[in-house]
């Protein structure tokens, strides 16, 4: 889940909606696995220059510290993730969101065959960034590949190239459909999201309707008044069963949200002319 | 899951059957919760005078240490449990099995209203045992109440009295159906099991068919030859879809298994004349 | 460590002073044990009605989450503790600070012989509070005994009676010097501290010199300008080697700090006429 | 600590000697850090084809599971390690011993400047082994470099080349003394040990005196009778203050122990003609 808007309490974002992220751990209805219990993480922008992270391998639903902290964090820019491991160890350094400078990154899905081409993918990452990689997941390597391709300057282009490269590598290693992904990434001011899979059957990704319209649709829902005009959510599953509140990202699409602006556009992987 | 019989590798007990206990964490089909992810524990009899315990709050399915250890434990008497907390903290001291001397105890279910009468129940426990209580669960308190009523001499009678006491306490505090339970307990030679609920709708509990009969029913299943003649399982769900292999404990029943003997009999809570 | 004063970043309190609390984990020079590695906890007043807690069994010095969170917590009222277990399990529910309503409590030391008289001590706790006890430590039981004796109305009197009761119980069970303690407790506005041991050889406890005087003593130390006029610390060891900055609590003493007021006075255990 | 000889209980190896490994966590007198609290691991040969591992990030001295398991493991070939992190995350995948096939590896010390040349070192590792690397430590990378240079065929030669390569890389990156190491590695039949540092001031490493001689020296020590004739220990600190029981590995030396044979010889890093 990603939130952008006026400062709110993280506990309201995590625990109040009818189908909150923490419920998602147990009842991930549209997700690929039945539970998401291999750790969780939250990232938010507050004091200081870089976003803060609280990540843990305890399943999100029984972590007392998470509940305590969420009630104390008031922020206008918030990422939350619950993890289902696709093979790499369950450890804090393999939990999302991943951070580099002011950027956060979350990825649901997998790079199939990663174990077989991991070395080549790692070699494609900018040597100056290599030492910053903390964990062993495909998701983190994917993030660093996108950074290598210029995520900080042109997120759309960087992810297009990163996905193109992953698909090339995967197919060289006999993987027919190399990637499954929904991605959310942010620099603390804008949030980008991506929905794509090589097979054309991507996991779900939703964004919330613009607030003015939503309040007009549902004057009876008082909670909407507590959210500011710029409030936006991007989630893998709708947070609440409220008609008209959620719109699905189309297959092979990407988008960006910032105060006063939101857009969705097609997403096509790009084969880079040279690797680096 | 409880096993009694010739020594086998714990990894065969946990990971080989089609519907092993570890799968049970994720797909607990007949259990009350959809997942059992609040910790696990195994207990077994090997070196020394008392059984050994390996318990952890990590969900059973992603614990690398469990897989490593299970491949090294060869034992003829084995208990395994995955926990779904009914409110008390998720911590190692609240994981089952609980141990006292040579005895192990596992309980699935709950003592409803426990938080409200906990003090009275704790006061009913033998003062000499009070200091041995490590955790804060209803299940452990229930164990110590049974020990107080003579579990080590007469398990059937002790559990009948403990349940009677819990039902009295619960009803005094306005709880209509105070207890839901399946219990397995052992002294390293015999295993006792109990299935009962105040409401008369008890969670499931199964025992395995006697081995001679089972091998005759299914000559095609080679794995049965690896189990000795005295092999017996008591589980909350069948380990394997094999017709005739599993028999359900009736409502309000109890039983015992030891080499060469197995029985099932009715279970009726007993009101003690005096508390202590 | 306890801090009261203008809001500051928790990371400045934990990580900036020369001899910070986190260093204390490794180099607890005056403490009874050489390391304090059995968990840590912080408590602070911020959003909402009750203080928040972040507690963990990981040693404080390698907890990445603690560093992240501390950089985001800005508070005027802060408790921090690193634990050296005196026998009870290392688990989050046994970490300090303990919380009840708006109150926090930390205790360094031990109730010797606790395991032998635990039942009697637990029975002396107000039945209405009994169910709130989460862990199994002597320190938490001590807190609830003080609450029973009216901590929320008269902290000095409540702790005097609680200590008196513990000493009586201990001596009945053959313990010559039943208690060793430094205690800090707060309701979010005032902080009380206690230094006492039955043997008359109490662990160390210090409070910081009043800020005006300290700035006059050390005009060369710029960091002092960042602390407001009402800033006060109570710590088990001096945070910084700065002459005149720290004053030791005398043997058998207690004190209170609130904005504009600080006092230290003698502490004498009181035998209650009746237990409850 | 490494042990080779007749099968003994792991709890005797860990907890009985006067200065056991677990005490070493707290009082590591000759080690570089005052405590070794960033996790522990044990490896042993028992059932099956590969050694088993039990590793955890909990400090060794308060891990209840370790005590339970150690009392159940009877083995003739045992490795135990307590970790002091030199910068990489504290997580199970960064705990020693590391395992590859039948081989175990433990390393005390550091590859200084590792973060700066990590990419080049990883690229020097055999591509077929790259995907097996689980963690992010210099110690594990060092192991895989030694495997690349033929550890499984010629341990002495492989480690000589690996160290030579690390020293070259380090000096290219401006590190004057690139490596500090004591290493123990085994295939389940022989144990190799290495003591070396670029600076010529290596951490301590000891081996135990041959048993016949030791029993003759100390007929009064009954515990020696419990150890078989082939019993050998290699430890970073002497397990017990017993004169004549421990001999120090010289600076820049290596050795091997197998039933009936033990030797120590000089160790000199070797510059490989080509990297791969």
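Letters A, B, C and D mark the chains as written, and numbering starts fresh at 1 in each.
One rule holds in what follows: a residue touches a chain if its C-beta (ideal position, glycine included) is under 8 Å from a C-beta of that chain, and two chains touch if they have at least 3 such contacts.
The chain lineup, named per UniProt: A, B, C, D = Class II glutamine amidotransferase.
All values derive from a computational prediction rather than experimental measurement.
Between chain A and chain C, the least number of touching-chain steps is 1. Copies chain A and chain D of the same chain sequence form an interface built mainly from equivalent positions, shared numbers / all numbers used being over half.
Centres computed as Cα averages put chain B at a distance of 41 Å from chain C. With touch defined as above, residues shared between interfaces to two or more other chains in chain D number as follows: 64, 89, 92.
If you sketch which chains touch which, every chain touches every other chain without exception. Note for the complex: chain A touches chain C at residues 9, 44, 46-48, 52-56, 64-65, 68-69, 71-74, 92.
Against chain B, in their complex, chain C makes its touches with residues 89, 91-93, 115-116, 118-119, 122-123, 127, 130-131, 133-136.
Interface of chain A with chain B (complex): residues 26-27, 34-35, 37-38, 57-59, 61-62, 64, 85, 89-90.
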